[in-house]
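Chain IDs A, B, C, D, E and F follow the sequence of writing; residue 1 opens each chain.
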Amino acid sequence: MSAIDLALANLLSPMVLFFALGLMASLARSDLTVPEAIAKFLALYLMMAIGFKGGVAVAKSGLDMKLVGVMLAGIALSALIPLIGFALLRLSTRLSAIDAAAVAAHYGSISIVTFVAATQTMTTLGLAYEGYLIAVAAVMETPAILTALLLARKARDPARRAEEEGMGALLREIGLNGSVVMLIGSFLIGWITGDRGMKAVAPFVNDLFFGMICLFLLDMGLIAGRGMREGMKTLSWQAIAFGLYMPLISAGLAAVVCLALDLSLGGTALMITLAASASYIAVPAAMRLALPEAKPSIYLTLSLGVTFPFNLALGIPLYVWLAGVVKG
Amino acid sequence: MQTFLKKRIAIVIEQPALNRVLDKLDQLAVTGYTVYPVIAGRGREGSWRADGMVSDAGRMVSVVCVCDPAKVEAIIEPIYKIVSRQVGIITISDCEVIRPDHF
Amino acid sequence: MSAIDLALANLLSPMVLFFALGLMASLARSDLTVPEAIAKFLALYLMMAIGFKGGVAVAKSGLDMKLVGVMLAGIALSALIPLIGFALLRLSTRLSAIDAAAVAAHYGSISIVTFVAATQTMTTLGLAYEGYLIAVAAVMETPAILTALLLARKARDPARRAEEEGMGALLREIGLNGSVVMLIGSFLIGWITGDRGMKAVAPFVNDLFFGMICLFLLDMGLIAGRGMREGMKTLSWQAIAFGLYMPLISAGLAAVVCLALDLSLGGTALMITLAASASYIAVPAAMRLALPEAKPSIYLTLSLGVTFPFNLALGIPLYVWLAGVVKG
Amino acid sequence: MQTFLKKRIAIVIEQPALNRVLDKLDQLAVTGYTVYPVIAGRGREGSWRADGMVSDAGRMVSVVCVCDPAKVEAIIEPIYKIVSRQVGIITISDCEVIRPDHF
Amino acid sequence: MQTFLKKRIAIVIEQPALNRVLDKLDQLAVTGYTVYPVIAGRGREGSWRADGMVSDAGRMVSVVCVCDPAKVEAIIEPIYKIVSRQVGIITISDCEVIRPDHF
Amino acid sequence: MSAIDLALANLLSPMVLFFALGLMASLARSDLTVPEAIAKFLALYLMMAIGFKGGVAVAKSGLDMKLVGVMLAGIALSALIPLIGFALLRLSTRLSAIDAAAVAAHYGSISIVTFVAATQTMTTLGLAYEGYLIAVAAVMETPAILTALLLARKARDPARRAEEEGMGALLREIGLNGSVVMLIGSFLIGWITGDRGMKAVAPFVNDLFFGMICLFLLDMGLIAGRGMREGMKTLSWQAIAFGLYMPLISAGLAAVVCLALDLSLGGTALMITLAASASYIAVPAAMRLALPEAKPSIYLTLSLGVTFPFNLALGIPLYVWLAGVVKG
């Protein structure tokens, strides 16, 4: 499949179309909404299903030692990307150091829904991928946050710094984020119970999966549209541009790293997608605790209103193509 | 029926910082508090809505604490320290109760 | 199957029985409830599933030109039925012109759950029907509202009329009703993605469908029962009678119209059901905006507490039988 | 700790008309507002419960707006125009705040 | 715009006893009430959170009733009888309304 | 399978592991939560699915007259176990008579989730069981409450007793508990519609069943952990011990009773499980109405934080083994 065909096929997938439906509904100020409890349920389901599947896959294939290398690579990417992002933001935008650090953290961390959408594309393309990438996704969530904190520290006035409660407490608050716990927990349960477990929960975590993603993406579209309506006022075009080119930079970086990893083609595409994706569940919550003075309207709008739609509609096929280049 | 004057402290705070406020109230040994959900709002940080939200960031909850007028200062001071750093507001109003010992 | 057998089979279907369970639980003041978020989720799911299926069906069969005729017929029925309803209410009840107009709007518009229950009956009877009837259902939602507004206008005191904000703004508020947007959006997505899309979401939108309807009807029963307990106080027996004979009049009218449409047998039954059904999602919300002085307790109780149970238990089999008469 | 007197306007309005109230408050340039969910109630229009409801008709939400006493008239007037046409009520009460500029 | 002084009775009561409170309010022929959800709290009976809860036991709701100052006694007396037996609190505060006939 | 193998297999089942995940997450103070509306939905689903299945099973097998005997035995166990529990609590703990009565009620009544988990074990072990045991479970919910009320009456000061509203009103409030109504209602609908109905809802009530239980147990783990953190302060070690040995006593008693019942092996195991399980949905709510002065922190923590985890992890395999002894 050429990159173009891929892009078209992707744009006409139910996932992307439901996202578009949500986006347009919300931009048109329709009163279509997904109740908060349902949105949280869909997220919970997604973490459970994707985690469980990954665990079962690992139980099947066993852990080859490559995992360690991939994990380290993931951690490194998550920790370094914010440095690039921070520098670019400070150069190209008027964002304060604190705001820039907060935004950068989102791009170092990962978006599990973008990852899920990418795995779906792999399935349609019939590309296999390493199950343990779920675990890699999980470990990539937090390092970016630490980098951002260090970047912000230097910028913070000492008064504030005094106020901060200990790094330790903060890390506990952040590390035990519900979605991360659910993802890792389900991964381990899938690993332990393997095929036996999968047989029992398959109709729930496999058969429903795609339909639930469609609903979830409808919701994401509604939120993204709201973010655009709200946030665009507060965002400069330089900031918006950052939301579009930063994923490409991360993707390029990841592609280079992948040259050294020998993952499967599908795995490479997913690894690149992880690097290119920007968090909007775990990191925003963490930023409210760690860098409360950073403006949520900026980082939420950028990651959810700009980068997520871009990755979903154009990024993923691009990353698959990029993976082809890396592997070919 | 006789009633007694108390103060009602109402805090609107962003969800991620809720636990910090509640832990502080526990430390301050208030007799109790009640947390109310909030579905939408607007403030200096712009407007927000809860529905469809997955992340806790950018959404609010409301904490109400009824306490003795004498205690207000001691409670507001440290709570304001937290709230002033986050997205949120504090209001105080009068109210009467039937069981003074309860608050 | 004779009309009698049909009626019995229908009364003993899980759908009707779960509705009855909800109804009895609520009349007995049990604390059995469906959380609001779940009720909204079930409605969202229903719109998504029924819309998507309809779209896929159209993608398969292609659009024969009959569609245009059927659409126009649907719009005409939705726009005219309120005139009949209004006249009958003014003659037979003491309702004010405003209240009568508001009630009439509900009977011109359609109830998607009644429609869904009817499609389920078609499936059990093995009757095929035109997929585009979903689209017809969607276009029949709003015309009735406009007719009611015109009826109410004349009755309104000028002072009020001054207060009214422009018709335009009002129509936007009404036209972008979430359930309508979800229904049409899912229809289009199903149409675009066709079989390919259906293969991916089938377990979600097909396999779960019936079970979800049962839960939804349980909820409808609970609400209907509450409506009966509450509303019956405020309703005269003439109004209640209207809730029972009006669907029959609409059904008769639709049957005549169907003579000119040559729809399939199943399609005819569904078209009649649409005309006979009364809205209780989109229209009530619209009435609160357009005719706030009309009493919600009256129109909600009539459409949800009287007409919906009647259609579900007796109406649908009757309309299938009527369709049989029309078709041959 | 010094506090400043403000007014707390509490509106209970039926859900379908919420956007009209909020849009009006935005036009009136209030510094902010908070919307609370409501699960049941009773009034002249009879009693209602939110659970199980699919349609927004016949259910309420509550909007709270804290503002300067001087502004109350200017806010109440147009809001009352909307509420009086719909199912809903308005109450006003005193409250104190710490940051007067904020309201 | 002229306003009229009323009393705002706010009850926090455990969910299972809600119907008893509402039935009593109906008997007392109050002009209306509003029930608010509560998501967490702490009191003498310890702290609780609504999320994840299946049973209604051990969780609260809040009932607000705006009424005429003259009626307060008559309402509080029997309501307090119920609340004092259960987990819950009652507070009373002043508020103003625009339509006195409404309350 | 030896009791040990059984125990191990059980401990490594996805159900138990998801419960453990929730438990650990909540003990570690993670912010992982299941929205209240979702928890209520999962409970509703469980009642519907398990009730419906039971009804269909009865429709298949027909009602052998044994049912009557089993029902009576269930009622007797539910009514008598609280007497034992009450006596033991008064002897071994400092709990007031009212508190002791309230706790005792929970152990006489049943936990439907424990029952469901047990049926799941039967399925994995390939053990058949009588479908009507669902109905037995339903009738065992309330008798324990009555016993507890009588026990408490004697202890109550006359003043209070005056305040009490009539037993009749109370029983209505309790008897119409939503979960019981849903369970019995679904059982009847399953019975009426039989295979025909099951064919329609099977994907919903059968295929999803296990996955939904896993989610529900995750939630139970979260709540149980919270209960432990909260309640352990208020509980003496004697009370906690009661939560561990009382189920064993009930199980022993039930085993003896089962000698006279000739249920299948699976049915015997389930009957013992019912007796050994402690309610935490219907009874706590009933106690708040009937014995408001009893401390919820005590009975909720005991039944949910102590006995439920014990039954889930160790009890069920033990009861299966015990059933083997009874039957063989």
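Methods note: a residue touches a chain if its C-beta (ideal position, glycine included) is under 8 Å from a C-beta of that chain, and two chains touch if they have at least 3 such contacts.
Here the structure is a predicted model, which is why all the values come from computation and not from measurement.
*Asks:* Return the chain whose centre of C-alpha atoms lies at maximal distance from the corresponding centre of chain C.
*Replies:* B
*Asks:* What is the chain whose Cα centroid lies farthest from the Cα centroid of chain D?
*Replies:* Between chain D and the rest, the longest centre separation is with F.
*Asks:* Let me have the rounded angstrom distance from the C-alpha centre of chain E over to the C-alpha centre of chain F, please.
*Replies:* Centre-to-centre distance between chain E and chain F: 33 Å.
*Asks:* Using Cα averages as centroids, what's the distance between chain C and chain E in whole Å?
*Replies:* Taking the mean C-alpha position of each chain, the two centres sit 38 Å apart.
*Asks:* Between chain B and chain C, what's the gap in Å when you average each chain's C-alpha atoms?
*Replies:* A distance of 45 Å separates the two centres.
*Asks:* List, in ascending order, every residue of chain B touching at least 2 other chains.
*Replies:* In chain B, the residues touching two or more other chains are 19, 36-37, 39, 56, 93-94.
*Asks:* Which residues belonging to chain F are in contact with no fewer than two other chains?
*Replies:* Only 31, 33-38, 40, 203, 207-208 qualify.
*Asks:* Touching residues of chain F toward chain A in the complex: what are they?
*Replies:* The touching residues are 12-14, 17-18, 21, 25, 28-38, 203, 207-208, 210-212, 214-215, 218.
*Asks:* Show which residues of chain B lie in contact with chain A when the two form their complex.
*Replies:* Chain B reaches chain A through residues 14, 16-17, 19-20, 39, 45-47, 49-58, 81, 85-87.
*Asks:* Going by the contact rule at the top, pick out the chain F residues touching chain C in the complex.
*Replies:* By the definition above, chain F touches chain C via 35-38, 40-41, 44-45, 48, 172, 176-179, 181-182, 185-186, 188-189, 192-193, 197, 200-201, 203-205, 207-208.
*Asks:* Can you list the chain B residues touching chain D in their complex?
*Replies:* 10, 12, 36-44, 60, 62, 73, 76-77, 80, 89-94
*Asks:* Per the contact definition, I'd like the list of chain F residues that touch chain E in the complex.
*Replies:* Interface residues on the chain F side: 33-36, 39-40, 42-43, 163, 173, 219, 222-223, 226, 230, 234, 280-282, 284-285, 287-289, 292-293, 295-297, 300.
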